[in-house]
Amino acid sequence: MEFCLIGAGFIGPVHAANIAVHPSARLRCVVDLNREAAERIATKYGAQVAPSLEAALADAAVDAVVICTPPRSHAAIIEASARAGKAIFCEKPIDLDLAKVDACGETLRRTGVPFFVGFNRRFDPTHQAMHVAIGKGEIGRPEMIVVSSRDPEISPPDYVKAMPYGIFYDTMIHDFDMIRWLTGHEPVDVYARTAVMLDEKTNPVRDPDTAMVVLTMADGALIHVNSSFRAVYGYDQRIEAFGEKGMLVSRNQQPTGLERYGAEGIRQDPLHYFFIQRYAAAYASELDHFIQGVAARAPLAIGFDDGRRALAIAYAAMESAKSGRPISLDA
Amino acid sequence: MEFCLIGAGFIGPVHAANIAVHPSARLRCVVDLNREAAERIATKYGAQVAPSLEAALADAAVDAVVICTPPRSHAAIIEASARAGKAIFCEKPIDLDLAKVDACGETLRRTGVPFFVGFNRRFDPTHQAMHVAIGKGEIGRPEMIVVSSRDPEISPPDYVKAMPYGIFYDTMIHDFDMIRWLTGHEPVDVYARTAVMLDEKTNPVRDPDTAMVVLTMADGALIHVNSSFRAVYGYDQRIEAFGEKGMLVSRNQQPTGLERYGAEGIRQDPLHYFFIQRYAAAYASELDHFIQGVAARAPLAIGFDDGRRALAIAYAAMESAKSGRPISLDA
Amino acid sequence: MEFCLIGAGFIGPVHAANIAVHPSARLRCVVDLNREAAERIATKYGAQVAPSLEAALADAAVDAVVICTPPRSHAAIIEASARAGKAIFCEKPIDLDLAKVDACGETLRRTGVPFFVGFNRRFDPTHQAMHVAIGKGEIGRPEMIVVSSRDPEISPPDYVKAMPYGIFYDTMIHDFDMIRWLTGHEPVDVYARTAVMLDEKTNPVRDPDTAMVVLTMADGALIHVNSSFRAVYGYDQRIEAFGEKGMLVSRNQQPTGLERYGAEGIRQDPLHYFFIQRYAAAYASELDHFIQGVAARAPLAIGFDDGRRALAIAYAAMESAKSGRPISLDA
Amino acid sequence: MEFCLIGAGFIGPVHAANIAVHPSARLRCVVDLNREAAERIATKYGAQVAPSLEAALADAAVDAVVICTPPRSHAAIIEASARAGKAIFCEKPIDLDLAKVDACGETLRRTGVPFFVGFNRRFDPTHQAMHVAIGKGEIGRPEMIVVSSRDPEISPPDYVKAMPYGIFYDTMIHDFDMIRWLTGHEPVDVYARTAVMLDEKTNPVRDPDTAMVVLTMADGALIHVNSSFRAVYGYDQRIEAFGEKGMLVSRNQQPTGLERYGAEGIRQDPLHYFFIQRYAAAYASELDHFIQGVAARAPLAIGFDDGRRALAIAYAAMESAKSGRPISLDA
């Protein structure tokens, strides 16, 4: 499968590296407005720099695209890629504008190209083991889920400015997806509170950097998610699912298992610094799923509807945070 | 210090045992409508069964009372004890009726007797270490606090019937107190959702047995508390406090530190079964604080105002759960 | 049961406090050459200072003695106490001289007084849970046992001088007893290596402060014990038992369960500082066992033979360390 | 760098896969008496099956060999490869016969080809973090080291028959190397005890399947290693290093971080099943070290002398186990 990487920044290099070592994939070309970034990746993996998105999509040898550009550009790129008949791996969120997202969905349905949303966390081995355990009924029906989803740093001001309430659209959107996946249910309402805790220098845009959410699911289960953009001890990624028969905990991960015993106590490593370290295996695994699924014409694990619903929850969370009231979600 | 134990059920025997082994205390008498229960304790510790509350309070040798009766009776007993000039150790909540509680407060102020509310968790060594660490600024100002407060079983139907929304009044009231204590701030609003997850047989009253709460504090800090009445793995008592400089976690406790490695994995003990095991040290420690504080005429750590405020939060949580909207709290 | 405490130093105050709070015991008198130390304890618990050991033993009201004097004095005191018909609770070791110990044994057999050796670790809840699990066959027959037995500090020079190779006689003797108890077998040989790792100032006597031992048990099981007198992170007390069906680990204990997450990692408390903190429950529990056993005329859990055998292993370990060769033990 | 893989069984496929994904390496050919095994690997990675070792070594395009054949064949292959001027990556042990090993050493010195012994554990991230911490003086000089090195199963009877006392030559040889690496010192004597604990069916050869060793290092440090061939809970790989300033622990690793809380306790995954899972990262990392080191003509981390010394310790351990006495090692 020959890939075109669209977007060479942020997570782009991670996908490029995974494509490079995958036995059934090859990175054919890279597109980015920042030509230097595109060239850096292309050179490393023996790919070309496509002169434009149009040129890349016109290349019949390209089987699939990986979309890693800023969220506001996603819908247009998805539409163009779908019309060009490419299989699409799109980073979350599908887009920020629900109307554009719905138009996308129309095009995807019409063209029938394979479409996958990169909610990588579903492919983490520990989260997956939790999903399997819930599926086996180990705790009975999940009655409460508590998620800690904290980043070690805030994004750069331009990125923050481009996506207000990014704490819901960019960060918790993963957790909203995880909750749908783990419970098998949709939320019926959401209540969210936010705060700006970082100082002016670190968060000059003053967009929320701290948030707590409570969701009620269609079956009555209660969900809590909390998030912050300054976990100094690393990328804090925990999920606990509680039910009639017990609790499952997906605990944090660390770079090494070294324990240091001294007069001042017992010390372990801080957590993995951020998503690239923490979810390295998940990124490789979701790409492999995409490649194998597209090749086998099998349904992909995370489709358009999943991406659209997670986005709708993020939207409702923002509305709740702005209004101070819980917001209902359509079924 | 000579004690009268008022209420021989539930937590009464715990306080009686702690009085018995305390070097400066003696259990003088026990009062309970259930004479058999009173006699069991009295016999064990060489105390008398008082014929009535009035008789007990008229006994000049009684220096202090420990009130362990059902919550709805607290206000009247507090008033009578205060008028009799006794130092008062009262189990939480002060009472269930805020008007009666305020009347109590008036009497306490007038009589000036020492008054202590038994929020025992403040005396747990690990929670205390967290309080000290926050006080030293180890994590900076707390920005988020997450509390898991789950019981292994629901109270008997009569008890549940007598205290609707006991999940707030009886259980989370501890956590509401802890949050005020740990942050040094008051909440400005509270949002609560509840569910009935237990079956008809286990929870015939159909009072909420599952709940999630989000509180916003006066300084903007966000707080989450969750609770259930059927944690099959034991009494789940965790607090995490997150701030600019890191996170503090008061983790769960187990009866032994034995680890069992087998083909099916690594197994540890379930958690302590319930509060009597988990907070054994805290119960002894709060009594010691009371005895020493009263003797030294020093201010007690948890006074009327603390008890009243925790109750007001529980009341607001119930209002929120009933109305589906966040409820504001007065400063 | 009325007790005479013989020896007011070291562990004496621990036993005195446990006697004081035990419902069926009373501290009647204290004997010590250091009259001030004896008076401190006697005053605290309302006991008398006995003018001499002879006077104490002549007191018909004394039912039992607790012997906490330096080890070299034990045999004589045991003999005198036995002849006086007192029940005897003796700190380990029975004595340092095997010939004197055997003479003691003769007297104990002749007089038939209850005799208990204070190997307190057998009464630790976690070690006990391991003993129970082995007894139930959870790991099958123990094939290997690994014990870490490390103190945070070395004893004062006078104490060290009085008991050469105290690392075997005073410290590992506990582990030798534990191994017999956990496996239900006797060792057939022992190999020991020692080192002097502390500097001249901390260990002026230059007696071994570091040691490793391998024991072979009668059934072929292999045992390792290691010890040091300077574990700066606290009292390191771990046992692991390995067998056909798995492994049991009695892990270390800490004063609190607080975890501190910061940029430099995750930090927990150091271990309990030393035996008084770590084995507080075990000391209370072994005394209760003694009191109840003597009252019921039931056999005590740890008798003369247990004390004698642990001592013989310590002796062989010293011989091995001196000679550099493994030493056989009689069956 | 073009590789010839010599030996397609056991660990051969692991090295083949790591060569295949390494950006600077290519698997050119595979040699094995078992042609089917060789073909399986060759086909998977687009390599050839070499008709013979001689043919492979005569191929000028082959830059390096990876030797994964049974230990007794190593010396001859090393000599032939060295004479052919190939860089050599040799699985441990160098060989089983010290005389042959010394002859090898002579050839290696004469030919000057790069030579690396695959003590993969040195490249495990957690063990490496321990090495770095010791190097920085975090615990001062190591005074005691305790190693648990337990396999989940015994090798097939033919393999066991071919390497008597394989528990020292095949398993603990890793630990002997680790100890030299971690302490920076050589052992001066070794004491070993073994046992046959498995039943006739599982261990028909009756070669030792259980062992304990104590080593004394040149600087007086004491070392303990224990091993078994039936850890039912997985591959038990722990190291603890104790010194003046504290202790470092390289703890066990598990496939996932899922915790399951139920009425029967808290359960985690068993350990990684065996070395292929546990040391996956270490195998990739040691190969990368070899490739980069050879390319840069830099000294390799683990050379002939390291392999020879670890073997000599294994030999002495066997002698001790057979004789029941400690065995001295030359400096």
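Going by the order they are written in, the chains are A, B, C and D; count residues from 1 in each one.
Keep in mind that, in the parts below, contacts are C-beta pairs under 8 Å (C-beta built on N, C-alpha and C of every residue); 3 or more make two chains touch, one makes a residue touch a chain.
Because the structure is predicted, anything quoted here is derived from the model rather than measured.
Asks: From the options A-C, B-C or A-B, choose the one that repeats interface A-D, i.e. more than half of its residue-numbered contact pairs are shared.
Replies: Overlap exceeds half of the contact pairs only for B-C.
Asks: Same or different: do the copies subunit C and subunit D touch each other through matching residue numbers, with over half of them shared?
Replies: At the contact between subunit C and subunit D, which are copies of one sequence, the residues are largely the same (over half shared).
Asks: When I count C-beta pairs in contact, which pair ends up with more: B-C or B-D?
Replies: Counting C-beta pairs in contact for B-C and B-D gives the edge to B-C.
Asks: Determine, using the mean of C-alpha atoms as each chain's centre, which chain is farthest from subunit C.
Replies: It is A.
Asks: Can you give the whole-Å distance between the Cα centres of subunit B and subunit D?
Replies: 57
Asks: Compute the distance, rounded to whole Å, between the mean C-alpha positions of subunit B and subunit C.
Replies: 40
Asks: Name the residues of subunit A that each touch 2 or more other chains.
Replies: Only 232-233, 245-247, 260-263, 269 qualify.
Asks: In the complex of these two chains, what residues of subunit A are touching subunit C?
Replies: 232-233, 254, 260-271
Asks: Considering the complex alone, what residue numbers of subunit D touch subunit A?
Replies: Spelled out, the residues of subunit D in touch with subunit A are 21, 125-126, 128-130, 133, 138, 245-253, 255-263, 269.
Asks: Considering the complex alone, what residue numbers of subunit D touch subunit C?
Replies: Listed in rising order, the residues of subunit D that touch subunit C are 143-144, 146, 148, 150, 191, 193, 195, 197, 210-212, 214, 216, 220-224, 226, 228, 230-233, 236, 242, 244-247, 324-326.
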